[in-house]
Amino acid sequence: MKIKVINPNTTETMTQKIRAAAFEAAASGTEIIAVSPEAGPVSIEGHYDEAISALGVLDEVRRGEAAGCDGYIIACFGDPGLLAAREIARGPVIGIAEAAMHVASLIATGFSIVTTLPRTRVLSEHLVSAYGMTSKCRSVRPTALAVLDLEQKGSNARRIIVEECRRAIAEDHADCLLLGCAGMADLATEITEAVGVPVVDGVAAAVKLVECLIGLGLATSKAGGYAFPLAKSYRGTMAAFAPVRPQSR
Amino acid sequence: MKIKVINPNTTETMTQKIRAAAFEAAASGTEIIAVSPEAGPVSIEGHYDEAISALGVLDEVRRGEAAGCDGYIIACFGDPGLLAAREIARGPVIGIAEAAMHVASLIATGFSIVTTLPRTRVLSEHLVSAYGMTSKCRSVRPTALAVLDLEQKGSNARRIIVEECRRAIAEDHADCLLLGCAGMADLATEITEAVGVPVVDGVAAAVKLVECLIGLGLATSKAGGYAFPLAKSYRGTMAAFAPVRPQSR
Amino acid sequence: MKIKVINPNTTETMTQKIRAAAFEAAASGTEIIAVSPEAGPVSIEGHYDEAISALGVLDEVRRGEAAGCDGYIIACFGDPGLLAAREIARGPVIGIAEAAMHVASLIATGFSIVTTLPRTRVLSEHLVSAYGMTSKCRSVRPTALAVLDLEQKGSNARRIIVEECRRAIAEDHADCLLLGCAGMADLATEITEAVGVPVVDGVAAAVKLVECLIGLGLATSKAGGYAFPLAKSYRGTMAAFAPVRPQSR
Amino acid sequence: MKIKVINPNTTETMTQKIRAAAFEAAASGTEIIAVSPEAGPVSIEGHYDEAISALGVLDEVRRGEAAGCDGYIIACFGDPGLLAAREIARGPVIGIAEAAMHVASLIATGFSIVTTLPRTRVLSEHLVSAYGMTSKCRSVRPTALAVLDLEQKGSNARRIIVEECRRAIAEDHADCLLLGCAGMADLATEITEAVGVPVVDGVAAAVKLVECLIGLGLATSKAGGYAFPLAKSYRGTMAAFAPVRPQSR
Amino acid sequence: MKIKVINPNTTETMTQKIRAAAFEAAASGTEIIAVSPEAGPVSIEGHYDEAISALGVLDEVRRGEAAGCDGYIIACFGDPGLLAAREIARGPVIGIAEAAMHVASLIATGFSIVTTLPRTRVLSEHLVSAYGMTSKCRSVRPTALAVLDLEQKGSNARRIIVEECRRAIAEDHADCLLLGCAGMADLATEITEAVGVPVVDGVAAAVKLVECLIGLGLATSKAGGYAFPLAKSYRGTMAAFAPVRPQSR
Amino acid sequence: MKIKVINPNTTETMTQKIRAAAFEAAASGTEIIAVSPEAGPVSIEGHYDEAISALGVLDEVRRGEAAGCDGYIIACFGDPGLLAAREIARGPVIGIAEAAMHVASLIATGFSIVTTLPRTRVLSEHLVSAYGMTSKCRSVRPTALAVLDLEQKGSNARRIIVEECRRAIAEDHADCLLLGCAGMADLATEITEAVGVPVVDGVAAAVKLVECLIGLGLATSKAGGYAFPLAKSYRGTMAAFAPVRPQSR
């Protein structure tokens, strides 16, 4: 089984972290292909960054379909381009925010999301609502960390995240924590140890969920709102993105 | 006041219809600039079409900011790129689905949305939920019409839409109807006459709402989740989309 | 276009403030008629005050219909009598709480309401829920101010309101503020400057929304729950309120 | 214990029916005082009728307080003036829609409301939502019956109601039915027999609930949003309604 | 009328307290039978305790049916076995959490639940949601008290509960308080006096509500999801629990 | 990894079907232990059957803990005893209704549940709400099939289920179907072929989700409402169920 893990931003050190986390989570028969798009934001910290990054995500899914990938992961906690990607993929597509929330809801009574800048709070809140997790989510807790701060050696990011996790446990009664940025994928284990409650990293969670769906023989339903895009023209520089009729395998 | 009306798809006949509807709605002091992006889908009928079209929308907002536009309208009933556009615009940005729903909620006890293909049903449902209109929306009723069917002379589109509107009134108890596609902007008046309840066209509604916000001296709040994007690099073919620090006017 | 702005309470200094705010917001072609009912509470600070004030509101709408008014505004943040007024008016009727919330939801990710006495908190909460704004409203924050405190020269009302607004921004993550009393209509501009986020005054917002609806040729739908009241007898001192069949204009 | 049952409309034959239903439900030690206001609509079939009728309701509660009543029932399925009445009453106040819904939720998995004219549908829907009954209410089913049709001897009202009840059971899976008008209070028993599921009449239910609350020594909380109205002037013909400070008993 | 009050745990001192509270609440014609099951947990402080205790509850309902009981109360704030008990009982069955919440919603604008250990918080939250009380419940506030701490003479339980009640009033704006454990049934009166807002004890509330339902001639609907269990075999040690067809009385 | 699959009812032919479905879904390194409790109902078709069956489920989880099982599946679509089981298990516990709904929400825009007798409709509806799936669930569609009808050779169960699935697709716009009974576990593949949309069997889905959680190193959080039960006495025949302090492995 070949799973393509797409880091929607274009920062290679983060893609490496994501690749490592995905490799570690993957079953022995799973091939992980972790990529960044060629074009797009170096980090994603708002609706605008997300909207632009979706193009790169969709480009990588298109290439993945041509290369025979069996499933896809969108490795940014805003899940940019998720529903669009489902339309063009034959196999399952999962976002890491979605993966982390579903997994947390199976092992805990209420989770908190510890994330990066305050301006991303509303992005998480929208996903919590869209995924039906309103009664499961105890809080969204931004830190003062920018996404690329997580890439700095010697930063105090880990300490800041641990402190915010502890506040979520003490003040918001969370019994599970979600790391709200793919750039935190390397911290799940040590934060779990530091705070004493399960900490879910969405990258690993998404790998296992895609394996789960493929193992069940399930793919994205093509009978409703995730049907393949209708064949039509795309004009100008977007012509190459025009939907093509999927070929049976 | 200069309002830019962006048709997210690239079909010029539809842009003409939208331009006409916007002109008719605009106050005497309002300058309407109606455009299609140079690049993107000829019609928007799903999440994938929407995600790609958002790029064209954002490109037009960026140009609009440089040209001193005071407000923006996204003239596709899926409101593609709306939240992202709010981040980069100084003035207000409104989607036509959003405009139609807010207006309807001020004049009726419950509305129905009559839209195009069944595959777009879920797009409308997501917006209904995101805009807090769950208890106001009586039903979403797709027809068998593709978006470009609405551009065909001599089609029976008008008749089909009227019939679906009548069903929404009789079976779902709607006392207001929303036309779920910008390509129906020319039909609002005659459908109102045919069905006897208010019919809201989102293009006209959005023009008046943008005028309303600008008249109030209100612009998109830059104190929270719609703050200007952080300055950062965008790689590759997206480099030109990298956020620039807005200049004061 | 003739818009009647009804201050549901009977305190003339407040009506003057409301009139001034409405005048300032109105378009050049709009005639503003601002009134208080002859009978009713001097201020509205609870369900009982509201219920009694509704009679005065409806009386003014009836007179307005006879005088050919095109639309109505109910200028008390509890929107007393709103749905009843919609039944007897041909044109649109908007409450200032409703107006402020809809406008805020178009320019911000989340608003807080800064209001008067703690006992009115639940009035605002009920409206937030009825208008579908639950996920948009970050908090309702009463102050210790009675409605008529706002009419006292030299009171520290402005300072108290600014402090509460700042708490809403810092603690509740509001990026927009609503002034929860028509008696605060004169403060919106200076509070905006003091706190640095958009502050919406419902009176001005309602004027622009009524202009918007009338400009769209839309009136209250008479096809459902806002149909004209059925003709019937009203007994005793209420006989004069008995519904009359509306005459076409 | 003295319970005042207020029929918000001014049709004496309906008040007689309500009185009979209340008497039959009351415990031996309960004194029932059933009244109509002197002034107000002969029937209540919309928001406007309701708003006007609230004045009569509040007048009767005021008189009841002076006469030492221990609790109140508002005997119209729209519960007009309920929250306002709670502010001025020392003892409990219950509406018949509220009573019927709470009782139904204790004995059934889902109820339907069979009511009068279609225009009242939205009134019931608003109460269902306000009372937290959204997941319990299977449907609101208007009939073609006007309120005063129920007062006609020899009408086929009973047959029409039974048919609508049967549809609610068969099509909406209701296992309990609510009669959505105080004028149906005399029909509960025979409809129960006809349709074979519990049918709740709100008048009887409210009598027992008020007895229940008084028996528990509970009265309306005066510590929050139902506190006694603040003492203040009411102008003009409403002067007599000005809140007076309640005297301890 | 014979009401069986079932304390789901097996601690006799608590059953005595519950019996006393039920006796005090009961009308003169009501016979109260208060019991503990022979088998089960000495206290209930989590989902596991609850699930096991449900068996004892159902056993007591079965015995009650054989003995001709007219209604049942489940006297533990988690309402264990409530829906199952409704299937096997002819008369009404009410849980004390359910009773307290419904009663509170009739007299106050918002209540808080003061309960025992933090681990039970989520039990209360699930009931709040299931009973449609989300918008009425201001907070769930655990104390550090174990259920059996309430049985210790000379404990400071009363003081701790009063303090938590005061915090709920001051910080969460509750105007009514619910005691979240049947073991607090003896404290309602003195806590009411201490905190100055209505305090609802679920045991007393449930007694009056069962009297109310029986007085209305209403029993659990057998037309839907609470129909008598289908006759079938239960294997092994559970054979005695196999449903039997109810006999008409 | 050792996963115990517990069929809450005591019908061995159904356990065999469940075992076969679990085996087929399991990864090569997964050991499946499929059991029925010794005691309990032969089928589960209501709240009462469920409540009794929970005891057998918990007994099997206790044995499983002693035997070193790594995770558990509750193989009845009502998920009886799920939250209680989570308290006593070290590893993850998943119900098949929960599993099916989470999986469906990852591959489709809206699912329908095709289930057995109408009386179980409300059981499914409660789970849909508790799991946050309200906006994902298009309908719950009972058939006339009893659970044990599914065990009859030569029954027309398969045909009836297919028809109901087709109605869900055509009338409710479902693009995914859930089989609402563990006894349908053998039908998923052929129904998928018959109806052309993904059909999710909860047994298989739960196996893969437990593998997923264990693969992630995640277990039920013991920091909140799923903490191990407090050590205490259980009286009488339930003494053996008294919680024991878990031993570290």
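A, B, C, D, E and F are the chain letters, set down in written order, and residue numbers restart from 1 in every chain.
Just so we're on the same page, contacts are C-beta pairs under 8 Å (C-beta built on N, C-alpha and C of every residue); 3 or more make two chains touch, one makes a residue touch a chain.
Worth saying up front: this structure is predicted, and the values here are computed from it rather than measured.
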Touching chain E and also chain F, the following chains: A, D
Given chain B and chain F, the chains that contact each of them: A, D
Longest centre-to-centre distance from chain B, chain (CA-based): E
Most remote chain, CA-based centroid, reference being chain C: F
Between chain F and chain A, distance of the C-alpha-averaged centres to the nearest whole Å: 28
Distance from chain E to chain B - Cα centre to Cα centre, in angstrom: 52
Approximate Å spacing (C-alpha centroids) for the pair chain A, chain C: 44
Sequence positions of chain C contacting 2 or more other chains: 109-110, 118, 121-122, 129, 135, 173, 224-226
Pairwise touch network: line, ring, star, complete, or other: other
Inter-chain touch pairs (all): A-B, A-C, A-E, A-F, B-C, B-D, B-F, C-D, C-E, D-E, D-F, E-F
Chain D residues touching chain B - in the complex, by the definition given at the top: 118, 121-122, 125, 129
Chain B contact footprint on chain A (complex, rising order): 10, 37-43, 45-52, 54-56, 58, 81, 83-84, 86-88, 118-123, 126, 129-130, 146, 224-227, 229-230, 232-239, 241-243
Chain B partner contacts - residues on chain F that touch it in the complex: 109-110, 135, 173
Chain D residues within the chain E interface of the complex: 25, 27, 92, 94, 98, 102-103, 105-110, 131-136, 169, 173-176, 196-198, 200, 204-205, 208-209, 211-213, 215-216, 218-221, 223-226
